[in-house]
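Alright, structures below, take your time with them.
What follows is a pair of complexes built around chain A, which joins chain B in one and chain C in the other.
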Partner chain A sequence: MIKKLRYAILTAAIAFNIYLVFFFANEVPVLGKTVRILFLHVPSAWIGTSGFAIALIFSIIYLIKEKSFYAEFARFAALTGFVLIIVATISGSIWAKLQWNSFWNWDPRETSIVLLILIYAAYFTIQSSITNSQTRNKVSSVYLIAAAFTVPVLIFIIPRIYFSLHPSPVIGKGEGTALDNTIKITLFYSLFCSSWIYTEFLLRKSIQLKKS
Partner chain B sequence: MINRTIKLLQKEALVSFGGEKNLLNALLPAFLTSLLSSYFINSFQIEIEATSILYWIILTCSGLLSLDRIFYKESQDNTLSLLLLHFTAKEILTSKYIFNLIIFYSIQLCSLFVFYIFTPGIIPTPYLLLLIFLSGLAFTSALILNGIISSKSSNRNLFFIISIPMILPILIVSVKLTGNILSGIIPNPKYFIFFVFYSLLFIILTYILGPIILKEES
Partner chain C sequence: MKPIKIIFIIISFALIFLGIIYTSSDFLTPYVNIQEAIAKGKRVQVRGKIDKNTIILNNENTITFSIKDDTNSMITVHYKKKFPANFHHADDIVVIGKYSKKDNIFHADEILYKCPSKYQTGENKN
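Presenting the complex of A and B:
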């Protein structure tokens, strides 16, 4: 009963999010209607990065407790993170085509996201290369921890070394790109909704894993 | 600790260069590709930025080729568990780290020497030498952990698949910095701090996580 009610509230929240994206958020002078891609691009990047952070936490727990549940959960979090980062890359690429007239510009942030995708794609290669499950879990957990520590380098350091086409503080005041209030509200609400959906996914997966 | 690490270093040199593979084999790819690149740079008047790109691609490929066997021999012969009976995981890691650092610096210096002799405009300034020193440190630090990880797999390509994305940030900064140095621009110290940070990050990760995988076999 509580579960059904939770899903009903979530469905209503998603419907309200769609309303905000298409009817509430104002168009921006330069970006026009394309600004709506922001509500897919930023939440998918945010949830994707969160997935990698969860994978890091569960990999550490696995190395301490050595229970396969934690390694399996870390793998699921890494997989969802990987898929969502690809979604963020594709949506960003479409936006780049509309705004900068090219799908790919080798902007530092674009370069960083490609490296991130390659790093996590390698994780799945490790998974398929080692047959012994205990060795596989340990090696892949170690790799996930190492990979997670390169994420801040790729996201925060590399884009600041080169000139970037991306606005520096996306949600900021003064020197950064000052966003319209309706866009800020919609963006934060989209982030909240996507985080909620992702939490539901993780809960379902943890129940599934515990049952198996 | 120091004496035991030196003993392991001697063993490393014997195992790596005593048989079919020797130091010349590690240096030859870098020497030949640098020589070929110098020829084409002079023949086609290639710009200094392209020269720095070529130099770093040569170094990355030669470095990856020479360091891809870290822990591979021990893993193949199942001798790691025997080694762990006599030495601690940290001693083994230290010896591997020093040995591979020596190999990587040898490749870097060999390539730089060929470029210096055969390509006008390539001058080993103190900044360039500092860059070579710090980037070598960062490259080796990132590759040791990947070597340990890939030694547990039968897939020989795994080392390249997991290493290339992790060393690309070093390569990107190195190319940018070399271009600046060769053009006479004084580099910003933040680039050098990046190398130190990246090296430290991987050294810490290797010493914390490396023993977990090494002991997995024993």
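Presenting the complex of A and C:
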């Protein structure tokens, strides 16, 4: 019963999010209708990065407790991170065609995200080549911890050192991006909704993993 | 081998890798400044700010304007295609093309636009 109610509230929250994205957020000059991409692009990048962070945390727990559940959960979090970073990259590429005038220009932002995707692609390749499950869990945890160190460098540091066509972040230092209020509200609400959906998703996976 | 050892090995490899990236100036960025563009003489991507006072609309749909980079050098750019729609909103741009010594002009065939940092209604910079 409680579960049903929770899902009903979540569905209503998502419906409201869709309303905000298509009817509330203003079409500002320069961006026009392409602003709608923002509400897919930023949440997927945000959840993707969170996925890598969760993979890091559960990998550390696995190395301490050595229960296979933690390693498998970390692997799942890394997979979600990987998929969502690719979603962010593709939506970003389409947006770049509309705003920068190029699908792919090897901008520092684009180059660094490709490096990150390759690092995690290598992870899944290594994982599928190990058959012994204990060895696999150990290698998985160690790899995910090491890979997590490259995430802040490739996502946050490199694009800020070099000149990039990508705009600066909305939240942060003084020279951040100034956004129209309706867009800002919609963006924060989208981030909230996507985090909620992701939490539900991870909860379901953890119950499923505990059963097996 | 203990996990902690493996972590150290992987991190040191990562650091070496990042060191290589950081020290090689053109691995991560395709953009050069005006001095480098003049020196190279090849097809390059030059980043700079448009000087709005220098925009001249030529006939046959070409435009001429000047850009200034962060070292304050200036260069005249000749753009061969139709006047781009989002040109007026742009401050920071990247022009792709070749510098020609003969006429001291950068001949661009493509312009990329950096996303502005203000997205607000009523702030149309036209």
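Operating definition for what follows: the second predicted complex is superposed on the first by the 206 of 212 C-alpha atoms of A that agree within 3 Å, B and C clash if a C-alpha of one lies under 4 Å from a C-alpha of the other, contacts with A are read in each partner's own complex, and residues count from 1 in each chain.
In this section, a residue touches a chain if its C-beta (ideal position, glycine included) is under 8 Å from a C-beta of that chain, and two chains touch if they have at least 3 such contacts.
Fair warning: this is a prediction, and the values are worked out from it, not measured in the lab.
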Checklist entry - Is this a clash or a fit when chain B and chain C both end up on chain A? => result clash
Checklist entry - In the superposed arrangement, does A:T125 touch chain B (first), chain C (second), both or neither? => result first
Next on the checklist: According to the stated criteria, A:Q208 is in contact with first (chain B), second (chain C), both, or neither; which is it?
Outcome noted: neither
Checklist entry - Just chain B (first), just chain C (second), both, or neither: which does A:V153 touch? => result both
Item to check | Partner chain in contact with A:I145 - chain B first, chain C second, else both or neither | outcome: both
Next on the checklist: If we overlay the two complexes on their shared chain A, which of chain B and chain C does A:T111 touch? Say first, second, both or neither.
Outcome noted: both
Checklist entry - Touching A:T135, do we find chain B (first), chain C (second), both, or neither? => result first
Next on the checklist: Which partner chains sit in contact with A:L63 here, chain B, chain C, both or neither? Use first/second/both/neither.
Outcome noted: both
Checklist entry - Which partner reaches more residues of chain A, chain B or chain C? => result C
Checklist entry - After lining up the shared chain so the two structures overlap, which partner does A:T199 touch, if you call chain B first and chain C second: first, second, both or neither? => result neither
Checklist outcome for this item: The shared contact residues of chain A with chain B and chain C are 63, 111, 138, 142-143, 145-146, 149-150, 153, 158, 162
Item to check | Complex contact set, residues of chain A against chain C | outcome: 26, 28-31, 35, 63, 99-102, 105-108, 111-112, 138, 141-143, 145-146, 149-150, 153, 158, 162-168, 175-180, 183
Checklist outcome for this item: Per the touch rule, the chain A residues reaching chain B in their complex are 63, 111, 115, 118-119, 122, 125-126, 129-131, 134-135, 138-139, 142-143, 145-146, 149-150, 153-154, 157-158, 161-162
Checklist outcome for this item: Counting only contacts in the complex, chain B reaches chain A at residues 145, 149, 152-155, 158, 161-162, 164-166, 168-169, 172-173, 176, 190-191, 194, 197-198, 201-202, 205, 209, 212-213, 216
Next on the checklist: Using the touch definition from the top, list the residues of chain C that touch chain A in their complex.
Outcome noted: 3, 6-7, 10-11, 14, 18, 21, 27-31, 45, 47, 84, 86, 89, 92, 94, 110-121, 123-125
